[in-house]
Every structure is written in C-alpha cells, then in structure tokens.
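Next come two complexes, and both contain chain A; in the first it sits with chain B, in the second with chain C.
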Partner chain A sequence: MEAMNPAQASRTVTVANRAGLHARAALLLANCVREFQAKVELVMDRQRVDALDMLQVLSLGANQGQSITLEASGLEAEAVLDALERLFAARFHEDEAEGEDH
Partner chain B sequence: MKFADFVSPEAIRAELAADDKESVIREMVQALLDAGKLDAGDMESIVRAILNREELGSTGIGRGVAVPHTKHASVDQLVGTVAVSREGVDFDSLDGEKVYLFFLLVSPLDRPGDHLRALENIARQLHNETFCRFLKQSKTREEIRQLLEEADNNQFGS
Partner chain C sequence: MEKLQGIGVSPGVAIGEALVVDSEEFRIPRRFVARDSVEYEVERLNKAIAAAGDEIARHRDAVSRELGAKYAAIFETHLQILQDSKLHGELEEMIAERHYTPEYAVSRVMRGYAEVFQRVQSRNVADLADIEKRLLRNLLGRRREGISQLTSPVLVLAHDLTPSEAANLDRRFVRGFVTEVGGPGSHTAIVAGALEIPAVVGTRPFLTEVSGGDLVIIDGDNGLVILHPDEETIARYRHEAEEIHSLAVRLETLRDLPAETKDGVRIELSGNIEFPHEVDHCIDRGADGIGLYRTEFLYLAADTEPDEEIHLAAYSRVVRSMGNRPVTIRTFDLGADKVPHLPTPEDERNPALGQRSIRLSLRNVDMFKRQLRAILRASALGNVRIMFPLISTILELRQAKMVLADVMEDLDEHRVPYQRNLPVGIMVEVPSVVMMIDHFVDEVDFLSIGTNDLIQYTLAVDRSNKDVVWLYNACDPSVLKLIAMTVEAARRKSVPVNLCGQMSGSPTYTMLLLGMGLRQLSVPPSAVPEIKKICRSVTIEQCEKVARHAFTFENARDVKSYLRGELKKHVPELGQ
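This part shows the complex of A and B:
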C-alpha cells in the first residue's frame, strides 16, 4: 500500500448468472461504479480492463463460473467493491426472471 | 467464435437509411429476413423483442458501436448482421455519442454461451482501431464482408 494511494482494495468475485458477463450485466456494472468516487479495473487471466468501458468488459467474454478480480482505487474503493460484490452475488438480478431479455 | 460463424454476408448493409433507433433495428431485421435467415411472420415479434431489450438499457456500448439483440424462439442458431451508418444514429449510448457501427444478433432461447462468444468477438475486434476505422469507412457490402474475413484471419492483430 503506497502513501500516494491511501484507498486501494481488491476482491475476487465469481460470475454467477447463467448468461455470463454480457451487455446488460456490463451496463449494470458500469452504472454501479459510476455511483462511487473510485476507479475499478477487472482482472481476468492476463487481461485488465476498465469497468466503465463496456467494449473492453465484453471483450473478456466471462462465462458463468469465471473468477474475476476487482481492483479499486479512490476514496470509495471499499464501498464500490461492496456494491459490486452484491451485484455479482445477485446474478445481476436476472436469473430469477429469465425472460426474453438477456 | 468468428464473424463468419454468425454474420450473414447477404444481410450486411453498408449504407443504413435509418436515422433513429427503431428504424435501424427494423432495417437490420428486414435485411436478415431478405437474406432468408428469418421468417416474415416473425419480423414484428423480433423487432418488438429487440426494442424491449433496449428499454432495459441501451446496447450502445460506446465508441460508436451498438449491439442490439434478443433471444427468440424462431431461430435454432445464432444469426446476425452488420450495418454501417454514414451519419451516425442517436442510440442512447453510454457515452452519449452517436452510433456508426451496428451488430444485430438474434439467439436461440437456450444458448447464452454462443451469444456471449459473439459479443466477445465483436468487442475484441472493435478494440482494434484500424479495424474500427476501416469498417466505418466501408462503402459496400463486399468491403465489409472482406474486412470481417480479414478480422477472422487475425489480420488486424488484437
């Protein structure tokens, strides 16, 4: 932990929803991050992408069951990870209502 | 997954006439129908389903790209097409920018994996600025088809 960056945190989550990290999940992810004063990157295998960049997030092609490390920095680093952890655990609110959307 | 696995070459549109979200979707679904990939009787239902999906959050994912899509019972494999708009279309994108490149996908009900792989391929290829720029500049279906083929052969690196 560097003095220059007093608030840094990371956490590993699992993609739990059936459809994986698809377009709407990526949008919910970006919207969630935007509510906090923090920058978040997703690290998967050797790839590192900005959570706000949907094109990059979709390029991960993260399936159900995939582990992703979330790395946050900024004033609300812990808070944004708490919120993101809930979002992943809640399967992006989609498996309970499997309909036409995805 | 490669573009050739889901993009119907005959349904590619180099110069979209449409200038709003609904008409873009209609024009692209019509293109798939004209290419024999969808049945005319399913057109309205598919257009509605794609528009309903847009209501949940725009598929304008930024950098001038949108991926309108839906699942639909009428298809038994992933079908898709590509279209380019010269003027750009307001698609309620995440970054507020107009959209120039459209990738429309219709998936079977039970194959989320294929849909995800197609999105992954689209996003990876568009991450390459050269591919993105050439695609936006394409003037004919054949030019787009060749670009997709070159991308499939990793000629842009990624």
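This part shows the complex of A and C:
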C-alpha cells in the first residue's frame, strides 16, 4: 500500500448505464479525466488500470451493475472524482445518445 | 545450415543479406530480431504507431466534418486504444526482452487482448482486429516499399512478388530473388533475368525460418537456396562465383566478333529485353539487334494506363541506342488480371487460356492503338519491327493488322512520320498456328517462335505449377517437331524465322537449333557471349548431324542427355 498523501482520494461508483463501460463510455471517462490535473485509476476485481489507458479500461469489461473503485491522485483529485461521479450517475448521457454504442 | 530446392529461373550465384518481404495477409510468423537491432526495431514500431495514429486522426476529422462528431467517436476510440501506454510497454518489452519482431509482437499482443475482450463479451473485438491490421499494414507497408528504397545490397526473399513490386524494385541493390511460389516465366523470373541476377522460385514455404539480415546463398544454376550456410559452403560458393566471373571475362573477348560458325554461316544473335536499360547490356555484348522487346513493364509499373508519350519515350530510347540494328517490339502480352487499370475479368478460371495478350488488345482497341501509334512513331527513328503475341487464328492476325492499318492512316492524316513498310510478324506460340503455318507465312514478314508458351500449350503444362513442371521440357520431341515444321514452312517461303524464349538462351540446345535450320536466335543479353561462343565453335554440318540424331529419341530426357554430351564434346568449356 502506498503512503497516503493529501492529494489522494477514492470513491466507489456503480456502472448504471445499460451499455456498460464500453467504447463510448470509456471515451467520455477518459475525456473527463483529461480536464483535471489528476491521475485516475479504476480498481475492479483486483485489477487496477489507468483511466486514460483505453485498452485496459475496455479489458475490464465492466457491465451494468458492476461497482468500480475510482482512485485519484494529484492536485485536483477530489474535483475529478466529483465530475466522474456525476458522469456515472448520469449514465454517461446514454439516453441522449439513443443508447448507441459502437 | 538448411538447403531448399526450388526451380532455378535465372542463373548465377549470390551470397548476401536477406530482405524478407512479408505477405499482405498478415499471417505473421514468430521471428526474431538481432540483439543489436532492438533499438532500430523499437523505433520502427513507434513510427508505425505514429503513422497509424495519423491515419486514424485523418479519418476521424473527415468523418466528423462530413457526418458529425458523433459518428467520428469510433475513430477517437481507436486512436485512444492505439495510444494506450500499457500496450506500448508490452510491445516494447516483447521486442527488447524476447527479441520478437515488431510485427510478431503486435500480432501476439493484440490477439491476446482480443481474447480478453471475448471473455468479457466486449463489443469492441472487431475494433481490435481493425487496429491490429492498421498497425501491421504500417509495419509491413514500410517494408514492402523498402524494396524500391534500398541502401545496401540484399537478396529479396518473398512469398511472391506482385508484378509492380518486381518492376519497381531498386535495381542497384537487389542481388538475387527467392519466391516461395512461381515458376519459370513468372514475373519474378523475367525481372531477375533482366537484372541478370540469380533467382530461385517455387521453394517450399520457408520465410518463417529466416530473418532480415541473415546470410543467404542463392544458387540460380541448381535452383538451390541455402539458409544459414556454414563456412565451408560459403567458401565453396565464393570460389564458384569467381569461376563464373572469370569465364565471363574470357567470353568478353568475343564481343566484337560475329556469331559465325566455323564454316562461315552467319547467325543473327539478338537480345531479349524487358526494360529499356537492358539495351546497354545487349550492346555491351555485341548483340545483332533486339529480337524481343517485351513491353509489359510499361503497363505494370504504374496504376494508370501508360499514355502514348510514355510508350514512345521507352521505345525511342531502345531504338536510338540500337542505331540501324533491328528492334522487334512485341505488343501487350498480359492477362487482365495482371494489369491494375483494366477491369478484373469476371469469368477467368483459366487465365492461360483466357482473355489475354492480343485478345485483350483487340478487345481494348483504344489501348492497343495507343501502343501501336507509339511503336510506329518510334519506327521513324531506326529499324523497328512489330510483333503480335499469342495469335491463334489467321483471322486474329488480320484483325490486328487492320487496327495497325487504321493507326497508320491516322498518322498519315496528321502527317506524323513513321516507317511505312516496317516488318510485321507474329509469335508462334500456339500449336494451332504451327498446324496452319503454310497460311501464316503468306501474311507475315517474319515469324518468331516463342518456346515458353509453345511448350506450355503443346504439353498442357503450367510451368509455374511445381507439381507438373517436370513435364515441361523444351526438348520434348513433340515440341521439336513443331519447331521443325515452322522452320521448314518459313524456309519454303523465305520468311525469316527467329526463336526466342528460354530455350534459345540455353547452350544445351544451340547446336540442335542450328542443325534444324534456325539462323536467328534471340536470347537474354547475359547469354549472348555463351551462345556466340558455341556458334563460333561448331560447323553447320556437325549441328545437322546432332539434330538428325536428336530426332530419333522418343522422350525429352534422352534428347537432353544426348545434347549435353554433344555440347561437352564440341565446346568443352561450356559443357559442364
């Protein structure tokens, strides 16, 4: 376990959108993280991946109902988690996108 | 050390570094890179990733502009997958630690992820395949292009070479060819012949056993390829290469002497060429003319049909260089399947018997006329003859001559100069023409026997099929009879008859051919000195005796061993 430092935060979220954390959602997730000065890792079933590594995120294969722990570090660790939590809660705006997934 | 037996299609010995040209089907073999080239290979990988990324970004922007950002999201996903940092790390590690080639590393790693995706039932499996292919295309594409952009001498090893690859390769650096498929007369063979470098085709698959940079020996005389040769073998082949060289130097003294038999009969000995630059090879060896100028490379070197000026530039170069010596230009002689700008034929299950060569020219009259105009215009510059390939009926010949007459009329109208009475002849390469030869001799100015196709059509053997190629024999008695019939009919009407094709360039057959009455031979430029040496070492009487005896055999093997014995007897220097 790494030593805790002030700029670290973690939160657990649930994949609520129907399509799950696949291409479209993963893209929104990564784009969201890029807006902040923080590094975000997704932890699920003992797997830990960087939110920006699309191939790794997709390899998790997180479907609807899956819970994921988001661990953030960096200047805006809290802020990025706030934004991500909103994104998960908003089901990655799936309805606006007519539930499509590529 | 490993020896591979194939078919030698261009003689000589080459020892050098391998350049492996991968197949486009992305079946990437497990292959290793040398320890000291790891850095270079990693850089090659990174360049391929960057290039693939650029491509995807361009697609993304174009789709976004035309259809909206929503539709471009898939490309953004691809781009981000490609930029996955862990992926890069894994690929680099495979190259640096396990010494895999970038191609193999990409293939392994991406397929590993595809399995994971399948397990978690991701919908993006197809996207991974797409990214893998794009990366491989960039990796291999670079390598395939590499064949035209070389910086040091290499031996090219490939599954097969496309005709345009063969035509576009960098002549200065390619020292030999090996292809897993193909036979004598394949494009690789013709190009290797034109470059005068050894080539072996139709080996078994072996590309997985060799890496770029490995030392390889190509023995074109015996159809052998030697991978990872030991010291002794290398020394032996180096010695042989020197012997070949010293024989060539001795034969060079014949350059300015005529191809004349000991009893004073002059043989017209010309060169077969494919590329304009080969005209220099012919002149250097003292050839009497160009007996066969193949024009196919003009159609293969580019994606668009060559225009009249491109034809004319190539022909002029050859005709001017030859001065007064004759240049026989053969019109287009390919199938539509080989030519990028012609529509792919729909019903071509048997291309050798299909819409090719003169048949295709007569179907695409505009294309045919462009070539004829250029040939006629070149005829104003020197001594040009025109030759139609694959004629099979007399009506076909008349049709072709009618198109030629049309073009002449058109040139007259525009007062474009050309040689009005340039000789017009045909290739004798379909047995039906030999059967009807008495009629043909009345309608042509010359004949040229194309033994490669004549053998193929007479014996019904595809010489690029390694399972039946053993049936393909120039000295099969049936083939010899057809040649004899042609020569005899031509003699009666005093029509000149030439023999081109591989048979004419092989010393084994020279005495036989002279004995059968041939007085014109057209051979690869590299064979001019040897064939001239034979002409100058024998009398026609000796040759006639050899021919008479050769006709008593009933199978090709006996004919060949007899001819070899006679060559050894009369010209020991060449009879090995």
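The criterion applied here is as follows: the second predicted complex is superposed on the first by the 90 of 102 C-alpha atoms of A that agree within 3 Å, B and C clash if a C-alpha of one lies under 4 Å from a C-alpha of the other, contacts with A are read in each partner's own complex, and residues count from 1 in each chain.
Operating definition for what follows: contacts are C-beta pairs under 8 Å (C-beta built on N, C-alpha and C of every residue); 3 or more make two chains touch, one makes a residue touch a chain.
The shown structure was predicted, so the numbers you read here are calculated from the model rather than taken from an experiment.
Taken together through their common chain A, the two structures put chain B and chain C in a clash. Contacts of A:50 after superposition: chain C is touched, whereas chain B is not reached.
When the two structures are aligned on the shared chain, A:18 is found in touch with chain B, with no touch to chain C.
The residues of chain A shared by its contacts with chain B and with chain C are 22-24, 26-27, 30, 53-56, 58-61, 63, 101-102. Taken in their complex, chain C has these residues touching chain A: 70, 73-74, 76-77, 80-81, 83-87, 113, 116-117, 119-124, 127.
Interface residues of chain A, counted against chain B in their complex, comprise 18-24, 26-28, 30, 53-64, 100-102.
Considering their complex, residues 49, 52-53, 56-59, 61-63, 65, 67, 69-72, 94, 107, 112-113, 115-117, 119-120, 122-124, 126-127 of chain B touch chain A.
Across the complex, chain A meets chain C through its residues 22-24, 26-27, 30, 49-50, 52-56, 58-61, 63, 97, 101-102.
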